[in-house]
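A, B, C, D, E, F, G and H are the chain letters, set down in written order, and residue numbers restart from 1 in every chain.
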Amino acid sequence: MSEDQLVIAGREFGSRLIMGTGGSGNLSVLERALVASGTEMTTVAMRRMDADGGTGVLELLRRLNIQLLPNTAGCRSAAEAVLTARLAREALGTDWVKLEVVADEDTLLPDPHELLDAAETLVAEGFSVLPYTNDDPVLARRLQDAGCVAVMPLGSPIGTGLGIRNPHNIELIVARASVPVILDAGIGTASDAALAMELGCDAVLLATAVTRAHQPERMAAAMRAAVEGGRLARRAGRIPRRFWAHASSPAREC
Amino acid sequence: MSEDQLVIAGREFGSRLIMGTGGSGNLSVLERALVASGTEMTTVAMRRMDADGGTGVLELLRRLNIQLLPNTAGCRSAAEAVLTARLAREALGTDWVKLEVVADEDTLLPDPHELLDAAETLVAEGFSVLPYTNDDPVLARRLQDAGCVAVMPLGSPIGTGLGIRNPHNIELIVARASVPVILDAGIGTASDAALAMELGCDAVLLATAVTRAHQPERMAAAMRAAVEGGRLARRAGRIPRRFWAHASSPAREC
Amino acid sequence: MSEDQLVIAGREFGSRLIMGTGGSGNLSVLERALVASGTEMTTVAMRRMDADGGTGVLELLRRLNIQLLPNTAGCRSAAEAVLTARLAREALGTDWVKLEVVADEDTLLPDPHELLDAAETLVAEGFSVLPYTNDDPVLARRLQDAGCVAVMPLGSPIGTGLGIRNPHNIELIVARASVPVILDAGIGTASDAALAMELGCDAVLLATAVTRAHQPERMAAAMRAAVEGGRLARRAGRIPRRFWAHASSPAREC
Amino acid sequence: MSEDQLVIAGREFGSRLIMGTGGSGNLSVLERALVASGTEMTTVAMRRMDADGGTGVLELLRRLNIQLLPNTAGCRSAAEAVLTARLAREALGTDWVKLEVVADEDTLLPDPHELLDAAETLVAEGFSVLPYTNDDPVLARRLQDAGCVAVMPLGSPIGTGLGIRNPHNIELIVARASVPVILDAGIGTASDAALAMELGCDAVLLATAVTRAHQPERMAAAMRAAVEGGRLARRAGRIPRRFWAHASSPAREC
Amino acid sequence: MRIRLNGKENTLAPGSTVADALALLGAPESGVAVAVDGDVVPRSQWHTALRDGAVVEVLTAVQGG
Amino acid sequence: MRIRLNGKENTLAPGSTVADALALLGAPESGVAVAVDGDVVPRSQWHTALRDGAVVEVLTAVQGG
Amino acid sequence: MRIRLNGKENTLAPGSTVADALALLGAPESGVAVAVDGDVVPRSQWHTALRDGAVVEVLTAVQGG
Amino acid sequence: MRIRLNGKENTLAPGSTVADALALLGAPESGVAVAVDGDVVPRSQWHTALRDGAVVEVLTAVQGG
């Protein structure tokens, strides 16, 4: 679909599925899943280097030539997130960041105030900020107005697999978006991903729906196909919903 | 997926999307859609031959080498349907039939009694019967017990585009099926088709969701991808649904 | 609401909640629940008399002056159901019967053919037949045409508490009904009962949603209120659904 | 249920339905609806006094002895809302306020930052603050921590009648609430109100669902019954949901 | 003679009637119905004699949904 | 003689066959089937003569869902 | 002197008070509140004089959701 | 001197630099970043000496959603 590129911050992506690296216990399983997903960008977290020397995920991603999107997972304040973003830029040589500032461990939902605060700071420092946000159309708009290069509303809380709990909010966000909308978090299965695209999202970001599936590589292929299918359906223009039936064969004469 | 063939009445299909020919106003548009859908079998209706000599759809399908599945659309009684099936076998040289016996024009829902009656007669005459049925798990089972080679429950009434109104019934049908379950009718968009496969259906049959979409060829490609995605997701084994969040990044130490 | 009586077979009911007696382990708990429900008619099953002399439920219902509606629960064929109805008429002196003919124990779903067959026989014998049916609009119509005094579609299978799985089918049944439509089976909680009435049902029949609740008497009161609320809402005419917001306070000038 | 009082800021309410006055074109219709709703508290907006001398709504509410809950409808900033609350206290002699700070006219969704800011200011000034908020569990918790006497999450945007778009968020809010949770905005019909209570909300606040219904008085009675039914159902403890059926009559021996 | 009464074998004096079978069960005056060999026997016919080997079902109303 | 062919009255020479009726419609060699008076007439029997007043239906495949 | 009262220009006698402005609107004794230049003026201060050019808002309760 | 390195106490020779701390962890050339006392220290400044008691965090990328 070269005529249907996703463009974020001026960079073109052929794939509208962004698969994160979280939740995989095994690098070779992760590698097969990443390849099957067709993702061109993936998330990594920043953590203390162990004396034993890291996880090897960076080598893997360099080999697969997948763009890094460091996140600020686990940060609970704007200050923590900003420092983490700066360290990621220093360590990985990218000014793209998936901005996460969560309010508590039970819901892992974003703290609206800290998130917006961090976004404004990082935009001012020249970062390309992709914020993980809730599905509040107002906060999504504030983040967009703050200069974020995309907004990434959740479908449901991280790791719940509950899919898109509130399609109406996603439609409201899409209706007023001037930057790409990436459905992030909550995807449980392929139809959730297809629905996200049909609602008008520009891409889908997921990790554990694939990495914690019984067969990660196969689920990655499923998500890839579903995102493509949902995108195509959005562009193709679905038939209207009707209350009464409508025949698909000509009337019978005899 | 050569390892994941659909087998109906001993015949193997690589594609789990069965696209019908109904609802298309234009043979060249239909041709592009059929090709994009990847379908290996398609439905046709039986109607009086016009003096001007037919529609050319047969020539098209022969050229595309797509198996014919004649239907009994428009029939209101077992007798009508049985005669139509016999004429289809005579005209088209196939003993496969999509059996439709509808009760009224407003809902185009099957008449359970006439449908089962016709199925029994046609099975006895050596037909491979694929009945279009409602989503009643009992009727589905009766049709299976009658010797139908597949059961084809609706998601919602023909042409409504309401998707799968009752996933619970589809799951009940799948849980007790000994023949392929093909979701037939009601599909409106790609996520509906993906959901059908995730519920355990073996295939999806649709027509107007593609032929009456704004861009039929693109919607055909969407449905093809969605069916593949849904099937892969079903086989891959989705993550469980949770009430509380579950992190995908390791805990932060600092 | 004396102006909003439910009329079945010429008999008027002030209450649109019909509570069955099934599932209660204790007659005094059942009595309090029946009273709290306000029901004017209740179901009983016909079973072999024990040497110890029965359950006392009849005495209770006579004392409460609640009309009996014997059912044919457990019958698997038209013949069984017809005999059971005749015995009920003989034993209880009523020609009203809740006709149940189930296909199997796993789903307790009606057998469409046997159900219709039994209905026709019993109507011919002068019974007032209230059939427990699935949510197929075609079967509902056949039962109505057969002379049943009401049709009683399920919301979901007996005892599942899944509520109304397919509101569209219930709306289709209501749209074409010439006799009262009573939502029977599947109700789990109050909002399910309210929804049934909002969809246009004339009454709700339930048993275990009350008798197996933690507090049956309170749940009976809940169902009574919900049925009244849903009925009133249906008659009052709800506001339309909108995509965008619509203020309820006048615009602010300053 | 005198044993089931709603207590907000130490004040007891027998009714868990709070009906607002917005959207009614006619004071006598409003009066009948308020009486039918059984509400003990109602919202009013603060607007410029016309030379012709006001709307008479105050006289009506005094006569009906319904507690006033002035709102800050239409305010777009914390400063506007705080001034409006102060004027309401001065004019009406109550320090209770329904705090609304909306972000835009299209969605009328709250501005999270301004809302929290205004809440903190008004709590410090001794107001009993009942904030209209979105369904974000994090913001609800922040408002609670700021000293609000209740939190009032929306079901869907004001006036849409879309009901409760995200029951999961409402359950998350209820699960962590230490003050009453009042479902505010979005209610369209009785079953929506019943569901709100079943999800664990302590009360429901609505206005146009009643005032703009075809028959406001009847819809008010519907909402009253539905709120009571939903509350009773929540307390009674519903039956579990099951996949397979579960009989409510004893097994048949013959 | 022997009859099968609600699934159990019973011995009755020759010439016993439906009413005798009911008495055996201690069935009450009202609220019961009887089927003999699959046909309903109306109350008015309870005085009729049972054949040897008759299958008698005596039903009453119990709680049911 | 007269037949009813796909709902229209037609006149054929006495002794006309099913094949003659098909010719009247310009029906192709393949992809069609014929019912006479409600029964299918297999291709192998198209040479059989039609009775006067026969009702002949000639069907083919068209687009259908 | 001139004041802006609920968005409209008005002329009052020099030394006029908040109460005078309220009288101009025919405001009732109760159920109203006044803001002058963006600050609430409690009832107890309604006797205070208005400055020339004061912006006076007089609010009351109306129907609202 | 003593520093706190990724949460553990360590002893370094006086005048040790950020680079020395990294060496202690066996940190690779690339893919890591350092914060000293809460501020990022760019690679170009790794030669700078650490103060006694400095809190040094060395981070790298790991799997994360």
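We adopt the following convention: contacts are C-beta pairs under 8 Å (C-beta built on N, C-alpha and C of every residue); 3 or more make two chains touch, one makes a residue touch a chain.
Because the structure is predicted, anything quoted here is derived from the model rather than measured.
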Third chains touching both subunit E and subunit D: C
Steps needed, at minimum, to go from subunit A to subunit F via contacts: 1
Counterpart interface for D-E, drawn from D-G, A-F or A-H and sharing over half of its contact pairs: A-F
Between subunit B and subunit C, centroid-to-centroid distance (C-alpha), Å: 34
Rounded Å distance, subunit G centre to subunit H centre (Cα mean): 66
Whole-Å gap separating subunit C and subunit E, where each centre is the average of the chain's CA atoms: 32
Distance between the centres, which are taken as Cα means, of subunit H and subunit C, whole angstrom: 73
Of all residues in subunit B, the ones touching two or more other chains: 20, 22-23, 45, 47-48, 71, 73, 106-107, 109, 158, 162, 168, 207-208, 243, 247-250, 253-254
Multi-chain contact residues (two or more partners), subunit H: 6-7, 57, 62-65
Sites on subunit E touched by subunit D in the complex: 6-7, 57, 62-65
Sites on subunit D touched by subunit E in the complex: 247-250, 253-254
Parts of subunit D lying in touch with subunit A, wherever the complex brings them together: 103-104, 106-107, 109-113, 116, 134-139, 141-142, 156-157, 162, 165-166, 168-169, 172, 176
Subunit E residues within the subunit C interface of the complex: 6-7, 25-28, 31-35, 38, 40, 42-43, 57-65
List of subunit A residues in touch with subunit H within their complex: 20-24, 30, 43-49, 51, 53-55, 57-58, 68, 70-71, 73, 83-84, 86-92, 158, 207-208
